[in-house]
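Each chain gets a letter, A, B, C and D, in the order it is written, and its residues are counted from 1.
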Amino acid sequence: MGEYTYSELGSILAMQGFAGISLFSVLLLMALGLAIIFGQMGVINMAHGEFMAVGAYTTYFMSSLTESYLPTLMPYYFLIAILLSFLVAGLLGYLAEFALIRHLYKRPLDTLLATWGLSLIMQQSFRSIFGAREVSPTLPDWLMGSYQPTETIDIPLNGMFVLALTAVVTLGVFYLLFKSSWGLRVRATTQNRIMSGAVGINTKKIDRYTFALGCGIAGIAGAAFTTIASTGPTTGSLYIVDTFMVVVFGGAASLFGTIASAFSIAQAQSILEFFISGSMAKVYTLLALVIILMFKPEGLFASKVRR
Amino acid sequence: MSFVYEKLMGGKSGLTGFIILATLILVIFPTFLDLFRLNLVGKYLTYAFAAVSLVLLWGYGGTLSLGQGIFFGLGGYGMAMFLKLEASSPENTAIQSTPGIPDFMDWNQITSLPWFWEPFNSFTFTILAILILPAAFAYLVGAAMFKRRVGGVYFAIITQVIAVILTVLIVGQQGFTGGINGITDLRTLHGWDITSNNAKYIFYFVNCFLLLGVIVLSRFILTSKFGRLLLAMRDKEDRVRFSGYDVSNFKIFIFCIAALISAIGGAMFTLQVGFMSPSFVGIVPSIEMVIFCAIGGRMSLIGAVYGTLLINFGKTTFSESFPELWLFLMGGLFISVVMFFPNGLAGIWDDYGHYLTDRLKQLKDKFTTVVLNREPKQLAEDAG
Amino acid sequence: MKATSVIKSLTRFEFRRGLLRVVGVSAFLLASLSAQADSANTTGLAVTDDTVTVGILHSLTGTMAISETGAQEAEKLAIKQINDMGGILGRQIKVIQEDGASDWPTFAEKSRKLLVKDKVAAVFGCWTSASRKAALPVFEKENGLLYYPTFYEGLEQSKNVIYTGQEATQQILDGLNWVAKEKGAKTFYLIGSDYIWPRTSMKIARKHIENVLGGKVVGEEYKPLGNTQFGSVINKIRLKKPDVIYAAVVGGSNVAWFKQLKAAGITSKKQTLLTISVTEDEVLGIGGENLEGFYSIMKYFQSQDNPNNKAFVKAFKEMWGDDSVIGDVTQAAYLGPWLWKAAVEKAGTFDVDKVVAVSEMGDIELTTAPEGYVKLHKNHHLWSVARVGKWNKDGQATVVYESELLEPDPFPAGYQ
Amino acid sequence: MSSETDFTLSIENLTVSFDGFKAVDDLNLYIDKNELHVVIGPNGAGKTTVLDLICGKTKSTSGSIKFLNKELTKMSEHEIVRAGVGRKFQTPSIYENLSVFENLEISYPKGRGVVGSLFFKRTDTVLNKVYEIAKEIMLFDALETEAGLLSHGQKQWLEIGMLLIQDPQLLMLDEPVAGMSVKEREQTAELLNRISEGRSVLVIEHDMDFVARIAHKVTVLHQGKILAAGNMQKVQNDPKVIEVYLGH
């Protein structure tokens, strides 16, 4: 590496570090919603990726709408689109819980199958509404390009945006679950449903809103993803396995675990990718996860409880 | 004799169901379908192996594997490797830079046959590999997981991840595996043209007999004490453990059996379709196998076969005319089976089938009373 | 004779009525139709006195539907134009379309159905190498004829396939020569999706760069299909500072790749990028603004300025809507029916062996091709021109370089 | 520690902690042959945890459990059962979808391996043993009934029967009369007295009248430690015990 100056190598190191952090924020944002749904409620939502696609398509729809009718608002539409993605995906999640999930709380493996069916229907709906072609919204200029702190360092703006968004959403989830009275009720319900019902918590309502919240966060993740990649009818299924791995590896019921697991998976993957080919990096990362999970099935962070 | 009747056939209703299925696939299909359709049915029936294996593993054992595609794929690839080597004789591959190795290796600058391909020159080894390797792999995975009491959801997700790993590996290591194209252009088995009409008929029947054999084997397992223990474990695992059974051994065993059955299906697939590709290993095929099983009835061996046939027939015919409707239908079917008919077709038959049989019986009775009883009188009248 | 065959098919109709629900009405009707054709024609194909049946086999559903839509639209356009001109040998072309559903075994299954049950005289279809590889044994076994439109990795020449797209050397070599000469490029970074076509193409590119151009490959990288994270690769590229990024990323990954390149500040102002996997179809998803100034090597661009192409683009848009774009493969697919027509008319029969024999004479040519002039080589591939297009913001390319007419060479010596 | 004893079960210095909370703390407990020993104590005293520790469901943090001079803490659940320890759970744990007969048959200690279970045959020996136990637990007439249809009390008996068929040296019963009618309690008390002959029985129970009827020896647990031990009368009059129960 004699032909490089130290400052160049330093810049690469900085940018590579950011690539890892960027992947971390992406994984975390994907996994947060599922951590709530799977971790707190125990529902295996195979349609989680499709709820992300709902967010992405909402953003695309907003982009086209703004471009056609209110082109002056183009710089700002994206923020509204994120909010709308949350609402639309959350609403759909609410309906799905009402129509489907609530009948299956006692049969976790069956929720897996039913939500797979749901994901097929959602995929076909995307195809019927938006067409088979992959779409991507027109991004506002402030999300494009890179930030250059020095001559040789380029930090992608979209990566920084996703990172910030992830931070906000994570803090929001923490606040909701651990500081608000609603969060207390959610945690109470997930720990002891019957008792919570007995002390006057409307557990059905809690379930429905929790599920909707998880789906809503998936929607935000989908919206954020449009800055990085395109959206197609089957986009959701690309992410579902990674998302589950993050949640399971972290220890299903632990939000801290989810964060730690997203961080370690992202760093492992991005460092490996730098040194070996992309396919093998993926194989090694997943293989390591599976082997670790075989030795520590409860995941990274799970407290030992009295059975 | 009573052993065969009770244990292998499952008593009267079991025997009837078995005979009807055997008649359907051995007599009715070959008589009424042309070779093209029959070959399709044969392909579907290879998936039925995986569906039947899921009845054992999931329906009775309560352990859902989202990775049956792994074993289907291993079986299929084993057979494909043997056939590919036969198709890659130095004479057939003379135009390559390295004749005598499979074409895709040559394209990937591989100059000699990798060591793990070597033994697949032997047909005996190949058959043994198909029977043993997937089961051995299942043993490794199963021992690691079940000994540590990983089950239910975690098992499902981990098997799914293993399926993903294997797919990425096969696609990524294309010099050794043929990559995303898979192993194609398989033509002969010991010099015998596997694409000829004759071969197709023979493979179809071999496939059917193997499938029926697998059903009989599964019946034997399920009607033994082992089968009752599986059910007992599914519902009250701790009780079984505290009755002195090493629960994990039972789960590992049934997982290995399920892997073996799926692998046989995979090998038969390769023989009938003439190639193998990673698109049979990953998440989607694995979940589809679960769908076949769930639609047919997760507690019914024979139901799983019908489920497989129905879904695949539906897919072929529907996707020709209404491709859009098909996914909606599939998704809807899946949701409704899970929510309203957890025992699938077999469950519906158990719940409502008696209306049909009763009606048939009534008709028969009516026929007997009306026609047969009147017969003497009629005869008398005719005579008079 | 005719009466008996009608009665025969009628009785078969009765006999099979119960089966129809399972098998599907269309399949049966065609089967009985072909039974009739047996007596009407001697080729054993679905040819009557005034019609000839062909098949179109592309993915209408699944992940590949996006790419294959254009190809099947072009094939239908060509068939419609041929029919409007009076058909082939006085017969109108009837089309049976099947869905490959982005699933390789389905391609094999549907090919067999088209050849065995429908007895089609030719099939226009397949897109990915994997689907062609799956279908190929069927075509060879049943002696069918496939017109395959996609630019592909080469290393294949089947009696039963006519390849209307470019094989790898045609597409790659001249483009590399151009970039080496025009941009003075010495170092190259190769990146592609992880499957056979990018790997084979990169292999050829590497040999050409190292052995012919005297350049250097400073990095070679393959990402899994569907991958959307290119951060680490982009940093590696920065580290190696290649003169040219040579890319063959496909599908949804393409969009992520170009978006992330732009976000990382790697634009055409600083970096030359040459890709062999972006046509007008892909640009729709990627967005012209993310590609502006980068180069593609293809044999056809929609913006090509010649009367053939103008007429083609106009007709295509009339039939399939003003929004449609036409990429390289779409145009190559359009050539299929025309090449078949030329061969059949020269042979005077639909018989596959005779059509192939005529095609192998190496003098079937089309002067009306939108890409200009093409000629069928006796190795079943087309003589064609390689073009380098520079992408504009509006999603169209400006052709900046055209090669001579290149001879197809599916088994290039020195590149294996 | 390695001393040989005559006790069926000897627990010494047993401790288990969950994230620092000691559910069982330095416990010593001995059970003689033919002894029917009852453990009582308020909720959360660690009673069920003790049973979990003995049968291997929970692993101890330190200490030893010896059964017929065999160390149990290192053995897995099924090995402990095969060594001769049977355990009934708090809520009846039976196979609801199987008949009473099949429930007992599954518990029959033959064909416990994978291969053995595949080729297990319903011989006369098996039949006779099942009939014998069914009579003992007063369910002979209900042999063909689906277990899920039994009354709560009958389910408790069935589970006891499923243990008896294995002829364990140590029988552990977690609240065997919970949810039973008065008559069923009496029948159960008789049953326990009958079956405690020739083996040791460890019972957890809340119902003091019932305890008084069956117990040879009583141990009171409180916060993971032994508060008092001895015969029923002695324990009932112990001021510490009275305080714990009344103050609770």
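Following the convention adopted for this analysis, contacts are C-beta pairs under 8 Å (C-beta built on N, C-alpha and C of every residue); 3 or more make two chains touch, one makes a residue touch a chain.
Note that the structure is a prediction, hence the values are computed from the model and not measured.
Participant: Counting one step per pair of touching chains, how few steps separate chain A from chain C?
Facilitator: Minimum step count, chain A to chain C: 1.
Participant: Greatest Cα-centroid separation from chain B: which chain?
Facilitator: Taking each chain's C-alpha mean as its centre, the farthest from chain B is D.
Participant: Taking the mean of the CA coordinates per chain, how far is chain B from chain C in Å?
Facilitator: 35
Participant: Chain C to chain D: how many Å between their CA centres?
Facilitator: 74
Participant: With centres defined as the mean C-alpha position, give me the chain B-chain D separation in Å.
Facilitator: 45
Participant: In chain A, what residues contact two or more other chains?
Facilitator: Chain A, residues with two or more chain partners: 127, 277, 279, 282.
Participant: Any chance you could list the residues of chain B touching two or more other chains?
Facilitator: 168, 171-172, 324, 327
Participant: List, in ascending order, every residue of chain D touching at least 2 other chains.
Facilitator: Those would be 57.
Participant: Given the complex with chain B, which residues does chain D contribute to the contact?
Facilitator: Against chain B, chain D makes touches at 55, 57, 76-78, 81-82, 86-87, 89, 93-98, 102, 105-107, 109, 111-114, 117-120, 162, 166.
Participant: Report the residues of chain B in contact with chain A in the complex, numbered from low to high.
Facilitator: Its residues touching chain A are 58, 64, 144-145, 148-150, 152-154, 156-158, 160-162, 164-165, 168-169, 171-172, 283-284, 287, 290-291, 294, 324, 327-328, 330-335, 338-339, 342.
Participant: Taking the complex as given, what residues does chain A use to touch chain C?
Facilitator: These residues of chain A touch chain C: 4, 12, 15-16, 18-20, 22-23, 26, 127, 132-136, 138, 144-146, 148, 154, 156-159, 225, 227-230, 232, 234-235, 238, 269-270, 273-274, 277-279, 282.
Participant: For the complex, which residues does chain B have touching chain D?
Facilitator: 220-221, 224-226, 228-229, 231-232, 235-236, 238-247, 249-250, 253
Participant: Quick one: which bits of chain C touch chain B in the complex? Just the residue numbers, please.
Facilitator: 16, 19, 22-24, 26, 31, 60-61, 98-99, 101, 103-105, 108-109, 112-113, 116-117, 129-130, 133-134, 136-137, 141, 153, 155, 194-196, 199-200, 203, 222, 224-225, 411, 416
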